[in-house]
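For reference, the structure is listed below as structure tokens.
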Amino acid sequence: MSKPKVGFYWCASCGGCDEVVVDLGADILKVVGAVDIVFWPVAMDFKRSDVENLADGELAVSFINGAVRSSEQHEMVELLRRKSQLVVAFGSCAHTGGIPGLANLFDRRAMFEEAFFNVPSVVNEEKVVPLEEYKTPQGIVTLPNLWNTVKTLDQVIPVDYYLPGCPPPVSLVGEMFNKIVKGELPPRGSILAPDIALCDECPRKETKPDKMSQKEFKRPHEIMIDPEKCLLAQGLLCLGPITRKGCGAACTRVNMPCTGCMGPVSNVLDYGMKALSAVASLADANDEEEIEKILCKVVDPVGTFYRYSLPASLLHRHYQPVVQGEK
Amino acid sequence: MSDNDRNHFEPRIVAFFCNWCTYTAADLAGTARMTYSPNVRVIRIMCSGRLDPQFVLKAFREGADGVLIGGCHPGDCHYQEGNYKALRRFKLLKRFLSQMGIEEERIRLEWIAASEGDKVQKVINQMTEQVRKLGPLNLEPISQMHPPKEKNVKAKAVAMAKGGAS
Amino acid sequence: MSYIYYPGCSLKSTGRAYEESLLAVFAALDIPLKELEDWNCCGATAYMSISELKAFALSARNFALAERQNGEEDYAEMVVPCAACYLGLNKAHRYLAEYPELRKKIDRALEAGGLKYNDKVHVRHPLDILVNDIPAEKITSQVKKPLEGIKVACYYGCQLVRPYADFDDSHNPQTMDKLIKLLGGEVVDWPLKTRCCGGSLTGTVQDVGIRLSYVLLAEARKRGCDIVATACPLCQFNLECYQKRMSNLYGQELNLPVLYFTQLMGHAFGLESRKLGLNRVFIKPSRVFSKKEGGQYVNS
Amino acid sequence: MNKWQGWRKIRYESELDPDFASEIASIPGGDKLYSCIQCGTCSGMCPLSPYMDYTPRQIIAMIRAGFKGEVLSSYTTWLCASCYSCTVECPKEIKLTDIMYAAKRLAIRGKVYPKRFPTPVLAGEFFKAVEKYGRSSESWVLVNLFMKTNPLKVFKQMGLGLRLWSQGRLSPKREAIKRRDELKSILKVLEKEHMVKDKEEMITAGKEVV
Amino acid sequence: MSTAKTPSSNGKPKVGVYVCHCGINIAGKVNVQETVDFAGTLPNVTVAREYKFMCSDPGQELIQKDLREGLVDRVVVASCSPLMHEPTFRRAMIAADANPFLFQMANIREHVSWVTPDKGAATEKSKALIAAAVARIVLHKPLEKTRVPVNSNALVVGGGIAGIHAALTLADAGRKVYLVEKEPTIGGHMAKFDKTFPTLDCSACILTPKMSAVRSHPNITLWTYSEVAGVEGFVGNFNVKVRRKPRYVKEDLCVGCYECVEACVFKKGVTKDEFNVGLSKRRPIYIPFPQATPLVAVIDPESCVQIKRNKCKKTCVDACERGAIDFDQKEEIKEVEVGAIILATGFKTFDARRISRYGYGKYPNIYTSLEVERMVNAAGPTGGEVHLKNGEKPRTVGIVHCVGSRDSRTNAYCSRVCCMYSLKLAHLIKERTGAEVYNFYIDMRTPGKGYEEFYEKLLKENVHFIRGRVAEISDWATIPEEEGKLVIRAEDTLVGAVRRIPVDMVVLSVGLEPHDDADDVRRKFNISCSHEGWFLERHPKLAPVSTFTDGVFLAGACQGPKDIPDSVAQAGAAAAEALALIDKGYVELEPNTAYVQEEFCSGCKTCVALCPYSAISFNVEKNISSVNGALCKGCGTCVAACPSGALQQNLFTDEQILHEIEGVISYV
């Protein structure tokens, strides 16, 4: 019996998700032993035609990382969807939009202006911007269309499983491969991480005081962080209580507050709103001015609460009224 | 009601009223036959402190053009301090929404005591007009969600069963 | 703080003594007053009877000018000594804030004149300023010739404390009483402090108007007052200029000096009587002043 | 007034104007008119009510009942000296002084005010002066007033005028503002508009709403 | 007409929607047929019906029949406010053997038909509210109410006639009552009156027996000179702290013999006598009045030299043979458990100084009605004589009605008792002095048994009635006849002329106002106030003595101006309501409490400090939070904060509310 075929693909992402596969270390050999990798543009030289040539459903699993934000990515994920029995949204970007998703605070024009004109390191006196189509003597050169809005993978194609994290923790990756190989996968649509928040596995949990409320929120550079004590209790905006566990508390172990890459637990509809609600609830004041004073330390609410999940939020993106009759 | 034409725009506003003060005040407005614009639909919660900011975004996502929150006056909360907690969340929520480009007139927190039927009338009329001026909130649709409903069905079923027993 | 001074039409004619004494007193107290440039009529009583809208527009133009003159300062404090102007402007101020429909129309009108009003004006009466802004010690320290033994009837008139003023009680106001007491004068309890003097009716329906003024003076006389202090040019005019006519009509010699409270202040401050417009009054107060001061006061 | 003159003291509903109250109530805050409980505080406070043909309280009752003709041609409104004591003390916060103004303006527009009565004439003269010069010159307003109502009075007042003149309290100089054009363009915008609406204006305003 | 589908049996929820016409209250504005047709199209709805009055017996039976026949298993009624009829329909559910919490109301009367001018809009809004109710009820679960026993003691706050009557009623029924009064004696305003209208029976004669009954009743604990310091707990189980101010006289030793008062170093009164509303003076040690209950002296720390400066001959101590005087007495806090609370804190009279044109406080012979009450009282400072400051009898007296009342600048409401007490005072003054009495009134209000007859009696006594609100009172005389008099100016509106009436004495019939501390009191007891500051009843008609806080009832004028008969009637009603609560023995608590879904709780402790009732504790063993259902009051604040959605609230789960939001917007 031939080994099941799997593919890896990356969309809008940093490459860290591909790296994590390699981080499996010696265990990767087991993976390679169990499956045939037939597509992995980051690691090996495959062409799009290699996928196109596969029969529909011939791929057992596609692991797709990165958010979707261009016509090319769109075509590729649709192609992979057609060729795969299972699609796994691999990592925060595919799962909830990730860091690239913060681009949804702007529109495409603003981003182009920033990237091609305004950035101090750019010298672009002729105001050249990339065009989707450009005629050269040699013929027409094309570029993919960059979308105005960044989307999560499941906003573009049906997704079977989600592996959260930025990048997904190695242990969860290994576990996933195990389950796939053994055929012990949970119901479709599941998130392949424990459904409980990070505090549950955080080594600082024991140090939480009964009263968690805060008179002042602090940013990491403002204090000497106690390496033992609950970070939230120290006034740091640790999002551990809102974020799914599974990373082994990688950040809080090294004195960094959780920033929420693993996304919400299943009872939560909108990660950022829940985070906002929990954080605001901790502000220990009833006076309007005092409340403002405490909460003004949350300098950038969107960036804080939706660092990895703006496209997956209920608002989806910065509000641009869709004006009627203006098409 | 889905007629979003600028000239005939009828705003849709979802209101969350606390049971003890604002909901009662709205009842009083009714008993006193104070007429006001029909654009606001009230959802009763026991306390403004129950208001989860998720509800606000959910309302916007479902097509509301504005959200009104009504609670007891400071110091008058039936549950001692629930309204202050609502205020904390509201303050941060408002900042978040403005960062997201949503006009601040689309969300409003009002303290309305049980005896202030006239304030219900005034606030609802005012807010309706404000939102009408802003025009409809046309959020960009989230094209598809895959898989649509199957996600986490099991987990939720477990949660609900537990809740019922307590 | 500097104040913008709105004189109004009367203070440039029949009420000149009010203006002179006001400026003299404020100068003595070192409170700068700058006259509003190109001010126009406030739109008071008579005007309002014809067109209320235009009356508000007239007030609004003054406000817009005051804001412009005030520049970047927060609020323009507009000092309005004439009671009728004070009421007219204050009413406009209130109505423009309270009635958006009206406001829209007035804004449109101002725009046609290239002006804009941003609600950055406070309408103030000198009494309000002297009692509420200026420390009492500052006033007492200026008093050189206290009004000792002089019995004063404080006459506020009707429009000064009604209905839009909030610096004093509308029925039994106290600010002028306080001021006179600071000057050493004796304030007579007099229940007609805010009763109308007849206003313009003294000129139009004289038999009614003059009687209204007369009852005020008769009661003041009965209560042993030496002098009546006013804060309104029309009140001063009615109470003083028609006294002769009253004597004829009612057979009672009144001969009661009627001065602006600012004139009394100036006198107590020891300012020169010419600067206080004391030369412009029909019924000279010298008799009252000299009696109390053992003849030291030299009549001008 | 002792002789019986055969006045008919009855009013038929058809003689009354049912819209009069809403005309008056169209001024800002005018709807308080409907709260009147006829307590009489206004009349009791009014220093001029003894001279009026109807007390202020009666005027309110008549407005509400639609006695338009009687109200607009009455002397009451023109005797009102705008002292605001009624407005201040009214327990229902009815702006009686404003209502008097409203009645005056309707009377002038309808030309039903008591013609030879001096107060409307004074108002008219004052209005004209301000309209033209931006300020009023008291001397000129008074001269015109007396000329129009009772020229003989000019002589009666002459003595007083001369005394004032000698003290510098009255001058034949015309007071005027500098930027008269600016004021003119401001006032022009409001030319056709009124704060108290008469019946036809009410109907057109109503049409706008519908 | 109704749309009834065949019952489905696949385990899916079967929702019945019942739309009420409420006569024309709803049907006059809402197109009921259209809403029923619409409801029939909603998912999971198996039955949609309409009826004239859903809350009536036949209406309820309609629902019960469908439940029994298995056509529906959960019910939405679209009618009035849930605050009105939710209990009614829940009872109907129980009667049909259904769980009462599988029920939801859509408020299409108070929130729709009564407030929406346009019929089309009203119908659309009704549909939206019905859709919302249907969307959420699908997620409802059967719940049980918890029962909590009720403490059988009661607390009555305020010892005026209302408080006295309520306390006696409860005590006679065998309940233990704590009566708390802030003054040194009970009796309230009624103890100050001479006669009561319209019967003119002596106030003291009918009140003092009740006062002594309070004193001697074995079931009543009377704490005068005391205030409620704090209230905790909930219906049936209140924990009340009472602060007993030191009176420096031992209550159990004092017999009220007045020896100490006579012996005081001050031989004359030094302080305004509160009981005589300032018409006389009292000494630092005093007994408010001879029938004071308890008849115990009290020392006023403000004026007692010993207490203020610690140097006095202490003649009072020597005079007291029983050794009752104790300068070391300290404030005491008593703590009691009660099941029900009756508030009977009464009123204060309007301060006539606020209306400067009436000259109160400026002219000597202007009195308030309460001062005149004391003056005409035989036990009062003048021994029942009505006289002017100079000792002469007045020959003319003016009584000014509505002072501070019916005026939007002071109190917009009618104080309800002034017309009648003014008539009474007119009668008494005329009886005592033979003076001409003028009543100045706006409207004569005499709705009560025997009241109009009393008015007629006064008319026959030739008391003058002038219909006109007094404009001004002054000493400004314009003719010789007015010299030396107070001149009242008013329009006689029936004549249409202004009148000036010179009088010797003026009585200002001041209105009734809430106490200055009413706002603090209501906060303490967690109830609401109306605009004017009166305590707010739960429903003006159907629950006039209840409040929005279960177990707290109202009696007397603290709820609004009332005369004695009405106060007593209301006190009886409040006592009956309290008894009904106590005698039931238990209360059922709404099950809308919060609960933790343990497998989702990460133990972050965000919730713990948020609970105002300390109902959330941290379970150290399991390392998670847990909610004590008996302490939880169901506000849901913790639920909104819980970062992992592990906390939920019965009847208000996230899911239910989210569905409701979808429902209210998505359909229609």
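In order of appearance the chains are A, B, C, D and E, and numbering begins at 1 in each one.
In the analysis below, a contact is a pair of C-beta atoms (placed from the backbone, for glycine too) under 8 Å apart; a residue touches a chain by one contact, two chains touch by 3 or more.
The model shown is predicted, which means the values in this text are computed figures rather than measured ones.
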**Report entry** Chains touching both subunit A and subunit C, listed by label
**Finding:** E
Query - Omitting subunit E while every other chain stays put - resulting connected groups - result: A, B | C, D
Query raised in the report: Could you state the distance in Å from the CA-based centre of subunit B to that of subunit C?
Result: 53
Query raised in the report: In whole angstrom, how far does the Cα centroid of subunit A sit from the Cα centroid of subunit D?
Result: 75
Report summary line: Whole-Å distance, C-alpha centre of subunit C to that of subunit D, is 24
Query raised in the report: In whole angstrom, how far does the Cα centroid of subunit D sit from the Cα centroid of subunit E?
Result: 48
**Report entry** Shared interface positions of subunit A, touching two or more other chains
**Finding:** 195, 267-269, 274, 277, 281
Query raised in the report: Among the residues of subunit C, which are close enough to touch at least two other chains?
Result: 171
Requested in this report: Indicate the residues of subunit D shared as contacts by at least two other chains.
Outcome: 89
Query - Chain pairs that touch, as defined at the top of this document - result: A-B, A-E, B-E, C-D, C-E, D-E
Query raised in the report: In their shared complex, at which residues does subunit B touch subunit E?
Result: 1, 12, 14, 19-21, 23-24, 26-27, 29-31, 33-36, 38, 41-47, 49-55, 58-59, 62-64, 75-76, 78-82, 85, 89, 113-116, 121, 156, 158-160, 162-164, 166
Report summary line: Listed in rising order, subunit A residues that touch subunit B in their complex are 105, 149, 151, 154-160, 187-191, 195, 266-270, 272-274, 276-277, 279-281, 283, 285-286, 288, 291-292, 295, 298, 300-302, 305, 313-324
Report summary line: Within the complex, subunit B is touched by subunit E residues 81-84, 107, 109-112, 114-118, 121-122, 124-125, 128-129, 132, 139, 141-143, 523, 526, 528-531, 536, 548-549, 592-593, 595, 597-600, 610, 612, 629, 633-637, 639-641, 648-650, 652-655, 657-658, 660-662, 664-666, 668
Report summary line: Contacts from subunit E onto subunit C in the complex sit at residues 356-357, 362, 472, 474-476, 478
Report summary line: Within their complex, subunit E touches subunit A through residues 597, 599-606, 608-610, 618, 623, 637, 640-646, 654, 658
